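Okay, so chain A shows up in both of these, paired with chain B first and chain C after.
After this line comes the complex of A and B, so read on.
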């Protein structure tokens, strides 16, 4: 199967997945407790006012009408209006997406920078102190819950040592790009340092589990590769150990690692909810939490659809890349 | 005040990026003068004379900036299209009503200079202040005030405002020909009309509203208040700047920023790091950390919210007065206030809070007397009863812990078994609002806030036979509330006190606590917490 046919096939499958997500998310609204009107309005509101507001929001329409209204707008980017703010959901979600993407990518970069060297060192110095240290780090990293790590980092590095801010995102990459486009280089540089200063703790918090995972994956992959015949042959040919390890063994190890990194990026986009809440990071996660608390279903649905679309796209891309970098894998 | 001078903020960047000139209009401007204006008005129709004082901020040599962090951002900026306190706190810096309240809850003049009942009619009159301007420079007119009232109470004027019932009994408003005054028509006597206008109704400019669509009005502000909108980033930040042409002295605060952090610990950390100046809802376990810090303190005030346990009168064992009284004797309320709420609460003895009209000062909270409780349970004939307390989690200050303490005390009685059932707030409210008492849980914890400071409204909604959330039916009590509806002033107050005494005796509730609003405040700012949960930056000064 050619690459283009593969992409078309996976895209069609992805469309079905997204449609399924849309339908499930829409259905969840009706089996979840809590009428949105009862959350929007206080208990003491006059029943007549309640009925008027419900009618204005379209919550009294039959189920199939609400479903059709919702689904028919999605292809043209119309995700409806927020029940709380009455503003378009699509623009709210799109506005929040850069903050979450920044955080997910920063967490991934932190993970890759730390995990791959650590995994390699761990594998090449097997059963030595460096290996034990890396293994302990991985175990701690995998076992530490996000919310606890975030709070501890704030208390120690921000409140006690005053090295980082506790929370907020005063500027994003989009703002820095605007400054660059406007030719204001010094402000852009200041903006970048401010951004870096604010994103460090959330990125570490979100990336710790990921770092631990990639470390373990790299270690086991390297150990596997170093035991292969081609490695023994390379050494027998007299290739320097550095070349054997980094040009041959590590390259082959990275193939499954890249796949996992790609898939985890999708998970990070959806999984930044807790980290964003702890650091008051104004991204998709915060929007999801706020919309759940407010029973703002259109916003919740819109956010989940964007996460699902992102996940599907990353999956397709990773599958395509995987087959591309490893010709032994066929497009089927 | 916020310690972020060394870091360039979002607004600065956007301004730089857009090439816009930096606005330094307010930096270094003189603060308010220290004069106080005193005005007096008289209500006709036998009502008491009220003296009102309009305070101004303390004199300061230069302006300062303040950041306030709430639990959530405003849902929009249309002052008449929401029902949430966080939104109110923001929009009330830009919009004002004809009346307002001081920090203790007393009615004050705002855009009106006089208010009175019109003899022989179910109507009231507001004389309006001259020389007040909206932030766009246009002068306030009586047409604007009448339109604003009608926009809330009359759906045909604009939209179905979720605030319509906050002006209950108000039929509409009209301009009094040739005068700077409006007449507000009521459907009946409406004894609480001035109380309603002191709490609700923000005045908007008619032409501005009519020229713009709902989406624009929800993202922009044009009021007469001491602060005007500088920028609004939905879900992230609202920045207001001082309005120098304000009809009182301009505020001492130059730039006022609102942000949100849903996590209480995040808000407290921001305060301790100097990233913000005022944070809301400091949980009791964080109070010591704030008070022990250098540069921040805790400020608290009794709020208008009462927390209580309702017991359905139509179900066993709660149909027995003795059993309901026993539940009140069984709990050590003082201990709950001190140990669960860290002292940030007050024990209640009746449905009406001390600051409210109709409060009966002769009633004390039920004492902790487990022996008496055990005996009353025996007398009720329900010894061996097993009861379950439904409670929301995280909706009110320490709600679950309060519920667990209450159930724990009752469970200690040898003849009653009590447990707690945690409920999702949405589903619990669905049951409470189902329209019939049968749909409501037999025993539940809930809170009720009444910003009008009127005990009659609380009792009508929660305890009258036809109340929105009632769990009780008592003919004598209904008759007292009906009687209060036809009275005003001291006469009405006395009737409401009688109703409170009856509720105290009959115990339709386990009377719990008055919730306190607890804030963390930067020590550099002089500001006192208010009973109505508003954070008024106009009253802030440097210290």
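After this line comes the complex of A and C, so read on.
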């Protein structure tokens, strides 16, 4: 199978999964007890008014009509209206997206910057104190619930030592970019430092699990590579050890590591939801939790679709990258 | 079902690895704590004592400044028609009655951690069992029948995987509400635990029921079965090509019998390793749901961490202690998982395998 055929097949699979996701999310409303009309109306409302509201919401239509309305809106970005605010769900989700993406990307950067060197050091100094510390760190890191880590960071660094703010996001990257475009450089710089100051603790909270995970993966991958024949051959032909380690072994280690980072994106988004709850970070996670508490089904459904579709798209991208770097995959 | 060779590998790996020993000790300790909670818990987890609220753990004391009514000669001082208040510094010392301190309502934190272990372990074990049941059934069928069955089942699994597990769990619990089943605590109902407690002089009045968080168990299983499906499918794909499976089918064994008697026993090792790690993952998931207030549990480590947040500037231990309990338990389970994996080397892929 050629690369392009592999990509076409993968995209078709992805499309199918996206359709499945949309259908599952549509079905969520029907497994929930209670009528969406009850969210809008007081319990003692006049039956006529009630019937009118139900008709306005389209809830008395046959199921296939409702399903078609739901599905056909999605490609054009119509996710329906919020039951509570009566505003388009899509625009609410889009306004919350930057905060979550920013947090997820910051956490990934923290994780990659710390984990890959740590994993390499751990593998190249196997059974030395550095290796043991890295191993213990990664064991504790994957075993710590991130919300508790967040609470502890707030407790020590924000409340006791007053080094960081406890919560909130006064400005985002989108706001900073606007300031830059407006030519207000000093305000943009101030905005950036404020942003950095506020995102540090949430990024560490969200990033620690990934740091631990990637450290483990890099260590085991690196150990695996260093035991390969080509490493012995390069050493035998007299290549400097740094070149052997960092140019050859590390490169081959990183390919599977990148795949796992892509696969773990779902965990990252899930982690972002709870991290947002800890730090009152106004992103998609906060939106999801609020919409559940308010029984605002359309907002919950819209957010779930955006998260799941994003995950599927990123995975196709990672697969494509993987197949490009390692063409063998496409032939399997 | 466990062969002599497997047992030998397990024993050898255990002797070699200190971490495996630590893991087993931790897991056994936590299990014992959960099972024997009504015997060892100093108080009932719900017993409040507002006068004793926010007592620090042993080794710490707190200093708090309070606004109190000014008293002189046993009567309230009134100036200009107003009750006069003054600032008073109150020192609270730890006592051995509450080794880990008390929470905002004066409940004993150690007792809450001991009883919280029950919630975590119940959800961990039942949730994993249910997830394994669904996942193994789906995975073995997909791998055994291949073809269209495989396609349909595994695409279904792909759809489940597209949802981040925590997000899906929150959505499902939010949608379904919080069904809970109180099951009677055999030690308390039979009178053994109360008799033991009054004999050694511990306060009685322990809760008679253990709350089984039904929705949470179902939801964590629905969210996590996919990992079992993937692993058991992979195993079934290779085992179905083995001679003994072909022989069984040639002898006329039904599909069900072949899968249960020949495929499943040979796929059990990686499933067990995955299950160990999944108990840890599900305990983390439960604590996250409880932290967000979605699980409905009122004695749970995650829930207590959330409760402690309102006292984060005055009583750090309320949030800290239950979190440590989670970390220790999950580390223990991960160590046991590592031990099983290193001894049995099943080469698991996916979330549990790293």
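We adopt the following convention: the second predicted complex is superposed on the first by the 284 of 332 C-alpha atoms of A that agree within 3 Å, B and C clash if a C-alpha of one lies under 4 Å from a C-alpha of the other, contacts with A are read in each partner's own complex, and residues count from 1 in each chain.
Assume a contact is a pair of C-beta atoms (placed from the backbone, for glycine too) under 8 Å apart; a residue touches a chain by one contact, two chains touch by 3 or more.
Remember, predicted model here, so these are calculated numbers, not experimental data.
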Should A:289 be classified as contacting the first partner (chain B), the second (chain C), both, or neither?
-> both
Given the touch rule stated above, what does A:89 touch, chain B (first), chain C (second), both, or neither?
-> neither
Partner chain in contact with A:277 - chain B first, chain C second, else both or neither | both
Please work out whether A:154 is in contact with chain B alone, chain C alone, both, or neither, and reply first, second, both or neither.
-> both
Which superposed partner A:300 touches (first chain B, second chain C, both, neither) | second
Tell me which partner A:79 touches in the superposition: chain B (first), chain C (second), both or neither.
-> neither
On chain A, the footprints of chain B and chain C overlap at residues 32-33, 151, 154-155, 159, 277, 289, 293
What residues on chain B touch chain A, complex-wise?
-> 4, 7-10, 13-14, 16-19, 72, 75-76, 81, 83, 155, 159-162, 164-165, 168, 214-215, 218-219, 234-236, 259-263, 265-266, 269-270, 272-273, 275, 424-427, 429-430, 432-433, 435, 446, 448-450, 461, 468-469
For the complex, which residues does chain A have touching chain B?
-> 32-35, 38-49, 52-53, 55-56, 84-87, 92, 95-96, 151, 154-155, 158-159, 162, 165-168, 170-171, 175-176, 178-179, 181-182, 184, 187, 190-191, 194, 197, 277-280, 282, 286-287, 289-290, 293-295
Residue set of chain A touching chain C in the complex reads 13, 16-18, 20-21, 24, 28, 31-33, 139-140, 142-145, 147-148, 151-152, 154-155, 159-160, 213, 216-217, 260, 264, 266-271, 273-274, 277, 285, 288-289, 292-293, 300, 304, 307-309, 311-312
Along chain C, where are the residues that touch chain A in the complex?
-> 155-156, 158-159, 161-168, 170-171, 174-177, 280, 284, 287-288, 291-292, 294, 302, 305, 308-309, 312-313, 316, 319-320, 323, 326-327, 330-331, 334-335, 351, 354
